[in-house]
């Protein structure tokens, strides 16, 4: 196993004219951790990754690899493996030459370099393709070559910039699993950039959600999903209803919270018995309903006027087919699934 | 919150920029040495006597000479004449090529480009052979009875103009053809569907949309022809004397560097003036295009 | 483009016959030279009454023509060898800097292609005269390099714009310094464009006449200069022979470029 290193990002700032790409971002990544930078395009996640790689020069701040300051180090001296979004494989070299390239630059003896390259290709399941031209590879195979090239020289950190965005859905899921397994095998500190929430949740030890150059929240996937700390995170992570406290009543009659509440569409039930006494109820009128196969999606207009989405699994939705629009409906959610967003108002 | 930029990082950024700048230094140096410096030198030379003293005499001499002004007129006549003929011949040719099937068009373009790849001296020689008194063209003309006497086609203005048009036509054609190729065929279909005749479609859709290409072509023709030397020198037979020929003669026959430099500066001024006019015309055309779109 | 007007046969026939005439006009001078070079007579009669190789014999037997041909080929090769690397570095610089700096550099580098050749020629003549360098190969060479740099840039700039700069970043992240990234990643991938640029630069030098006329002399006369002088004095079919030879060289070069680009 390679020796992997922790990374410290210390109030890194990057502006392009009046546009702030990174707004004093600080972040600690532990050795061997798989951390995902998640955010919409323009949120600064790729800029942060490129700053770590050395292709974007911060205006201020510090980047530490272990306790070594790499802020001003040239990209070719950082020893960081990078998988680029479009792979950036060299089309004038074959698969083997691409993978041997970093070893040749490090003056690794020829025989050893060849062996290590072949071993790495085997590790990413590309045995037998070493003499192929890049142009003759499928998208998934290119992805694997890019991975092999990034890990063959045993970097202490790996950066991946939306590496799966060019692949189709099935292949993407296979590769998610394989990349994660490769990370676990190598134990290499990995920073992964994506705009795909599911991908971030599936793959990561921790997720950092970014928006407009700032880190909104950094936490485990489950915490990010269930306990978003800002309205942005709540909405970005899935079908979230953010309702004013006045539209919600406690089933047991107790006083509800005074902050805005987040309840995910799939947390609702139509049967009060499925929710504990400390759960909440929301009263409204049905505006629209749609059958989506595994579930029903209902749109309720709450008495306050706000519309919420309610998602009922097909197995528990025996009554849904008979509902008609305009009918009064009450949706219930268990207390554990009701999350007050600190400082947010609906 | 404002954070002061880290000075070391800012220095790194400047250093990287300087590195990229430095990549173009060798090219800039040699262009400066062999293109910019010579032009500066011409300006300097124009104020020097043969003895090397400062004078404005060169200007007085050149500007008071009738030869200078007739050279200026000849330069403009050749340039604008070439441009006019290029537009007349080149635009229909571009239209035909753009409307041909791609394979045919590519083949024909290869033939159009052949003269471009032939040395100007080879071509000039070819025209000499063709246009002479007993040359192929005159033989054809008298043989078919179109003319009784051979026409004077070379060693005069006509011959020079023919040679210059021949040199410029492919260069004019390239941008016009490119512009016409880019026109969406559906636009022509649309105008046909609204009742435009072929002539109307060409006038109201194709020509306005390829105006940019015709314009670029015209600028290219102008830039090249204003200083044309070889063609008038050979095909003009000493009777056609634009500025370029006067410069050469002043320099090599009279060894008058000062006057030659003044003529060179006149050429530069002429170019600048025409450049400004072209830019103004382009602005005018662009403005009118918007106008008709709203009308 | 005009398929919306299938019925306009007359206009179509008129348009295409007009085109045929214009194409003939374009082809004629080159076409007439080739048969003339094989004529056995020293009159410029066309078509020649009998054919021979005598003008080629005269040409290859002439020390002056052969020296000029050699000078032109050497000059062309040197021009390409200098102008293309300089052009490539300048294009990388323009590509990376962007903005006003790129526009300014491009503007300066394109100057030689906008300024009339006659001005460059006499200006260069003055500068070289001051350094006592008129008539040297060096003088003509710098003139040609300066004309070839914009030609090389016109080929290389769009090629670099298409090039995926991520590849350089990938090479850098894998440990390559700038020299290795440029030499090992950019150059091999721009191979075809670099070849085109080289041949275009070569042709630019080979075809250049005005600077040669003013700056080259004696031993260093180039082919265009010698041809120009001959055309002014007398025109015999030797010139047809050298013209044919020259055109064959150029067409061969162009064909190589085109075929390499296709493959």
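A, B and C are the chain letters, set down in written order, and residue numbers restart from 1 in every chain.
Simple rule for what comes next: a contact is a pair of C-beta atoms (placed from the backbone, for glycine too) under 8 Å apart; a residue touches a chain by one contact, two chains touch by 3 or more.
Per UniProt, the chains are B, C = ABC transporter permease.
Being a predicted model, the structure only gives us computed values, none of them experimental.
Asks: Indicate the lowest number of steps between chain B (ABC transporter permease) and chain C (ABC transporter permease), counting one step per move to a touching chain.
Replies: 1
Asks: Looking at C-alpha means, what's the farthest chain from chain B (ABC transporter permease)?
Replies: Checked the centroid distances; the maximum from chain B (ABC transporter permease) is A.
Asks: Which of the chain pairs holds the record for C-beta pairs in contact?
Replies: Among the chain pairs, B-C has the highest number of C-beta contacts.
Asks: So, what's the distance in Å between the C-alpha centres of chain C (ABC transporter permease) and chain B (ABC transporter permease)?
Replies: 17
Asks: In whole angstrom, how far does the Cα centroid of chain A sit from the Cα centroid of chain B (ABC transporter permease)?
Replies: The mean C-alpha positions of chain A and chain B (ABC transporter permease) differ by 58 Å.
Asks: Okay, in this complex, where on chain B (ABC transporter permease) does chain A touch?
Replies: Residue list for chain B (ABC transporter permease) touching chain A: 1, 3-6, 8-10, 12-13, 16.
Asks: Quick check on the complex: what are the chain C (ABC transporter permease) residues that touch chain B (ABC transporter permease)?
Replies: 1-5, 8, 11, 15-16, 18-19, 22-23, 25-33, 36, 44, 46, 82, 86-87, 89-90, 92-94, 96-97, 101, 105, 108-109, 111-112, 114-120, 122-127, 130, 142-143, 145-146, 149, 178, 203, 206-207, 209-210, 213-214, 224, 227-228, 231-232, 235, 239-240, 243, 246-247, 250-251, 254
Asks: State the interface residues of chain A toward chain C (ABC transporter permease) in the complex, per the touch definition above.
Replies: Contacts found on chain A: 53-55, 74-82, 84-86, 88-92, 101-102, 105-106, 149, 153.
Asks: Which stretch or stretches of chain A touch chain B (ABC transporter permease) in the complex?
Replies: The touching residues are 11, 13, 24, 57-61, 71-72.
Asks: In the complex formed with chain C (ABC transporter permease), which residues of chain B (ABC transporter permease) make contact?
Replies: Residues 17, 19-24, 26-28, 30-39, 41-42, 45, 89-90, 92-93, 95-99, 108, 111-112, 114-115, 117-130, 132, 135-136, 166, 169-170, 180, 183, 185, 188-189, 191-192, 198, 201, 206, 223, 226-230, 233-234, 244, 247-248, 251, 257, 260-261, 264, 267-268, 271 of chain B (ABC transporter permease) touch chain C (ABC transporter permease) in their complex.
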